[in-house]
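For reference, the structures are reproduced in the following blocks.
The same chain A turns up in both complexes below, where it pairs with chain B and then with chain C.
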Partner chain A sequence: MTSPTKAGIRWHIVVFLAPAVLVYTAVMIYPLFATLRLSFYSEVDQNRLWVGLQNFRTLFGDAIWSEQFWNALANNAWFFLIHMLVQNPIGIALAAILSSPRLRFSAFYRSAIFIPTILSFVIVGFAWKLILSPIWGIAPGLLDAIGLKFLYQPWLGKEEYALTTLSLVSVWQYVGIPMMLIYAALLSIPDDILEAGECDGITGMAAFWKIKLPLILPSIGIISILTFVANFNAFDLIYAAQGALAGPDFSTDILGTFMYRTFFGFQLQLGDPHMGSTIASAMFVIILIGVCLYLFGIQRRLRNYQF
Partner chain B sequence: MTALKLTNVNKSFGPVHVLKDINLTVEEGEFVVFVGPSGCGKSTLLRVIAGLVDASSGTIEIGGDVVNTVPPAKRGIAMVFQSYALYPHLTVKDNMGLGLKQEGRAKSIVEDRVAKASKMLDLDRYLSRRPAELSGGQRQRVAIGRAIVRDPKLFLFDEPLSNLDAALRMNTRVEIAALHRTLSASMIYVTHDQIEAMTLADKIVVLRDGRIEQVGSPMELYNNPANRFVAGFLGSPSMNFLQSSVPGLAPGQTIGIRPEHLTLSEGGQINGKVTHVERLGGDTNLLVVTDADETLTVRLFGQDQTNVGAAIRLAFDPAHAFYFNDAEERVYQNAA
Partner chain C sequence: MNTARRTSGTTVAAHAVLILYTIIALFPVFVILINSFKDRRAIFRDPLGLPNAETFSLIGYETVLKQGDFFLYFQNSMIVTVVSLFLILLFGAMAAFALAEYGFRGNTLMGLYLALGIMIPIRIGTVAILEMMVSTGLVNTLTALILVYTAQGLPLAVFILSEFMKGVSDDLKNAGRIDGLSEYKIFFRLVLPLVRPAMATVAVFNMIPIWNDLWFPLILAPAEEVKTLTLGSQVFIGQFVTDWNAVLSALSMAILPVMILYVIFSRQLIRGITSGAVK
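== the complex of A and B ==
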């Protein structure tokens, strides 16, 4: 007789883990490693050839490739920055307003602000394209009606505005998510603590800055990392609004559209799965580094409070 | 000077009338306990005094000033919550000092007062810890410290001991009593535990359904309850109410006898059978069903050998009995 701890493979563990492991492997792990593997090959005369790091040398070293890559990365960084500076503060502010017990119709506002999030990016991209169109759009007309016509620009058509405009459209669509997460975090703060603050003279804005904000910092951290991952994986809105060429003149090109164009080809450009995988691998590494920096640098310092 | 004066205070939440015409005076330095079953409005009354809830009508005076429209922080009160309600992100020191900082007091004054309060409560060693790193009893002391630091005219305690375990509750109860002697401050203390009420209070306010049933010192209420509710609420085990087991009562009349005033006696008027015995060492409690099928509790001092199933006779001194009419009010003439 052996004791249960030395009974060799404990099959029940294997059996219970198997479904999750198999599904996750099939849809996540295998494609990830297949993509990484693909980035070490190239195709010459319809033969797949091991080229080692050559694709990466091309991506970062070749003048044409690297210019496109750095352009996409810089655009992506700007895209992320706009979300961090506009979407998340507005989301927090909306949540703070919504959680005020004196606000009437708060359920209506909450739903109204959240609805764009559940719309398809195709609808959002196309609708905003129409709204902002200089020819049939309602934006010029609306600005005219309030005497601000001179402010109107064909925002999606100008290199200097297009990326910022699309970032703001994305903010408009997704601001409901940080709002909901922060709203939930605010509701979880016990009334007692806020009442104790009231007895200490900490009310209104002071209560927000001194009590509520420190207590929702962990949620803000989670939102930041979710925003980072979502933004560096973004593709859909740009593609729906500007196409895979991410015009004008690649000014709205982000890593997602760059990867798509390279991998599958677009118009006259032929698809190259190997260079596409190389870009995808680079995106993977960028996001991995970002998430690691966050997890080890910031998340550990944020305290989660139990009430 | 009066620390607190309530005049005709009413509070309704929509159609629900929670506080009904509360009139009450708390003298300077007095320890007043609000006691009553849950839902009687005692916590709401405390929150009305604190200013966390506005009264629907009536006036609230603290230290001679009408404070109906004054925000809680300027009423000169400090409140200790049942859940402690410490700021989880601040250290013990900052928890205690935040209120003073918010008032814009000089740093040295804040430091001074925090040091004094933490010394009084034996919290010196924990000043740089956060609430999550403290035990329940320590958190409770921090909450009390936060109140002391504000140097209020009136302390408000909202069931401060109910989250502590039994042993700690006893200790903290003694500490609060000692604190009251040291600070000689006016305190209002809400509890549903009649033992806390009896042991701490200078004056007990018994509430039921949003009304004050009786106000008085613990012994006044114990010896001279105004009605059946107060009689039954104070004292442990609670008073026995009998209608048919004692001969000579007028119809509808109830007699109330405290368990400690019943004695085993061959010549007793009440016949019954013991159904359960609780031996506490110092006391023995007998649960008895009388021949008239009413249950009562007998508290015998010392250790008693009576066993379950024994037929017993109980006697009582009529001087220690209370009589109530069918409206549950006290009546003073014995029908017999």
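== the complex of A and C ==
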């Protein structure tokens, strides 16, 4: 039945594939390329005209545009860096503790720590905005209780702290994901490997650093690329907490909010689909570079460690 | 003796770290929930206190229910999430079956084509999606959102489900064929019931991102009658920034449905993630 040499079209295959392929092509792949194509057009006298690389020249060459673009990109890079340096190590540490044998209540801890991950950015953004607000006083109150009140700042309102604060809020929300994936990877390490290590006197912390960590490197690689893709098209948290203008003074502007403002418009500025597409294309290239680096560089090398 | 003491010391330290982090994870949710049940004065005077007989108040919830159409938003979110999940599972399973079962020409290529969307976020194509929805008159309809979320969910669904379908025994399917079942019946009657656990995993993975999405409702369906709960609470809270009771109650009402879903599905979700389905 399944022999590929059978003559004629096997219509049931077409029927099985058609709905998924059609929806996926029409709503995902086609718009993706149509957006890339739109970045080579511009509106002149209400006509859509081919302008070649003009939009990209504006984005990178024009002082106002390029300043915004590099600001958003630099902010986005910082946003990603904080996730890599804070979220993933905390996630790995929690997973390592959770996976220790005979730990009681581990299912409870796991479910509780995962709760922020299921909440929407709108809830998370506003909840933290209220908690950090100088009007309500929960954050200063808590700092006061441990004698550190002088450290308090209206973090979301200050240019120099706002982006870092929001990155940490996002870290707080998403720690659950690396924790779960690493936890799964740690559980899949065969016991004989650890026992062999024990016979050689490698236990506790040493076992983690010398045996487990090298074995979960592929999972850390997956987490890194997932974080990268998620961070470089992030939008919701910044929009919910700081609005489309990503204040104060664009200090929390990232590529997602920059693209939204550009193509959809805000306040008095009209939306410009062509410049919006140009930014989307830049984001596409950035994500593509990241994914390719992962697939051809990191993942291939990590494969060597697998059993 | 020495080892035993060291082990119990390590256990205590492990619990201490986990309890500390659990508090960090739950504290903001807890603060929002308890304060939504207090009157305005108590919210500011004693933000960390539990509501008691004196400070208990439902004024925030009254404002929310009077001003915002939260039942409509909830219904919209429900429709979008349920229909999208249904389509992702149905279309995804059908395509996965075709890829896993039949060795046709271009099979690998088709698999790669469908897998492209796992890594490339659909948001990149937003400008063209919006133009398309405007030209087909689908803007400000729930259909637009359903189409987008279905397309977004399909790549991972096909990938996970076809891995599982490769594990379904050939003998069973061939027995069905000898009994004269059509390929469609083999799929719907024999194979689908067997991959139900994998379908549940796919459903749970897609459910939360669809329910929580702000981007597409904001761009494709911002009209009042098609607002989802996420967008509805965002707009509502934006309008009532200074009414703390209303904001806290709106936040609590937005948290509630997700928490209920989580309590129902958390075992499935955690099993899905830890079973390595994402790898």
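The rule we apply is simple: the second predicted complex is superposed on the first by the 281 of 307 C-alpha atoms of A that agree within 3 Å, B and C clash if a C-alpha of one lies under 4 Å from a C-alpha of the other, contacts with A are read in each partner's own complex, and residues count from 1 in each chain.
Note that contacts are C-beta pairs under 8 Å (C-beta built on N, C-alpha and C of every residue); 3 or more make two chains touch, one makes a residue touch a chain.
Just so we're clear, the structure is a prediction, and the values are computed from it rather than from any experiment.
Chemist: Is the arrangement of chain B and chain C around the shared chain A a clash or a fit after superposition?
Modeler: Fit: chain B and chain C sit side by side once superposed on chain A.
Chemist: Should A:200 be classified as contacting the first partner (chain B), the second (chain C), both, or neither?
Modeler: Only chain B; A:200 stays clear of chain C.
Chemist: Tell me which of chain B and chain C touches more residues of chain A.
Modeler: Counting contacted residues of chain A, the larger count belongs to C.
Chemist: Draw lines from the C-alpha centre of chain A to the C-alpha centres of chain B and chain C: what angle do they form, to the nearest 10°?
Modeler: Roughly 80 degrees separate the directions to chain B and chain C.
Chemist: Using the superposition on chain A described above, determine whether A:287 touches chain B (first), chain C (second), both, or neither.
Modeler: The second partner, chain C, only.
Chemist: Looking at A:239 after the superposition, I want to know if it touches chain B, chain C, both of them or none. Which is it: first, second, both, neither?
Modeler: After superposing on A, A:239 lies in contact with chain C but is clear of chain B.
Chemist: Closest Cα approach between chain B and chain C after superposing, in Å?
Modeler: The answer for the closest chain B-chain C C-alpha pair is 7 Å.
Chemist: Which bits of chain B are touching chain A when the two form their complex?
Modeler: Touching chain A: residues 50-52, 71-74, 77-79, 81-83, 85-89, 98-99, 102-103, 130, 132, 146, 150 of chain B.
Chemist: Taking the complex as given, what residues does chain C use to touch chain A?
Modeler: Going by the criterion above, the answer is residues 10-11, 14-15, 17-18, 21-22, 24-26, 28-29, 31-32, 43-44, 47-48, 87, 90-92, 94-95, 97-99, 101-105, 110, 113-114, 116-117, 119-132, 147-148, 150-152, 154-155, 158, 174, 177, 182-184, 187, 208, 211-215, 218-219, 230, 233-234, 237, 244, 247-248, 251, 254-255, 258-259, 261-262, 266, 269-270, 273-276, 278-279.
Chemist: Touching chain C in the complex: which residues of chain A?
Modeler: Interface residues on chain A, with respect to chain C: 1-4, 10, 12-13, 15-17, 19-21, 23-24, 26-32, 34-35, 38, 90, 93-94, 97-98, 100, 103, 105, 109-124, 126-128, 130-131, 136-138, 141, 172, 175, 180-181, 183-184, 187-188, 204, 219, 222, 225, 229, 233, 235-236, 239-240, 256, 259-260, 263-264, 273, 276-277, 280, 283-284, 287-288, 291.
Chemist: Where on chain A is chain B touching in the complex?
Modeler: So the residues of chain A touching chain B come out as 190, 192-193, 195-203, 206, 210-211, 214-215, 303, 305-307.
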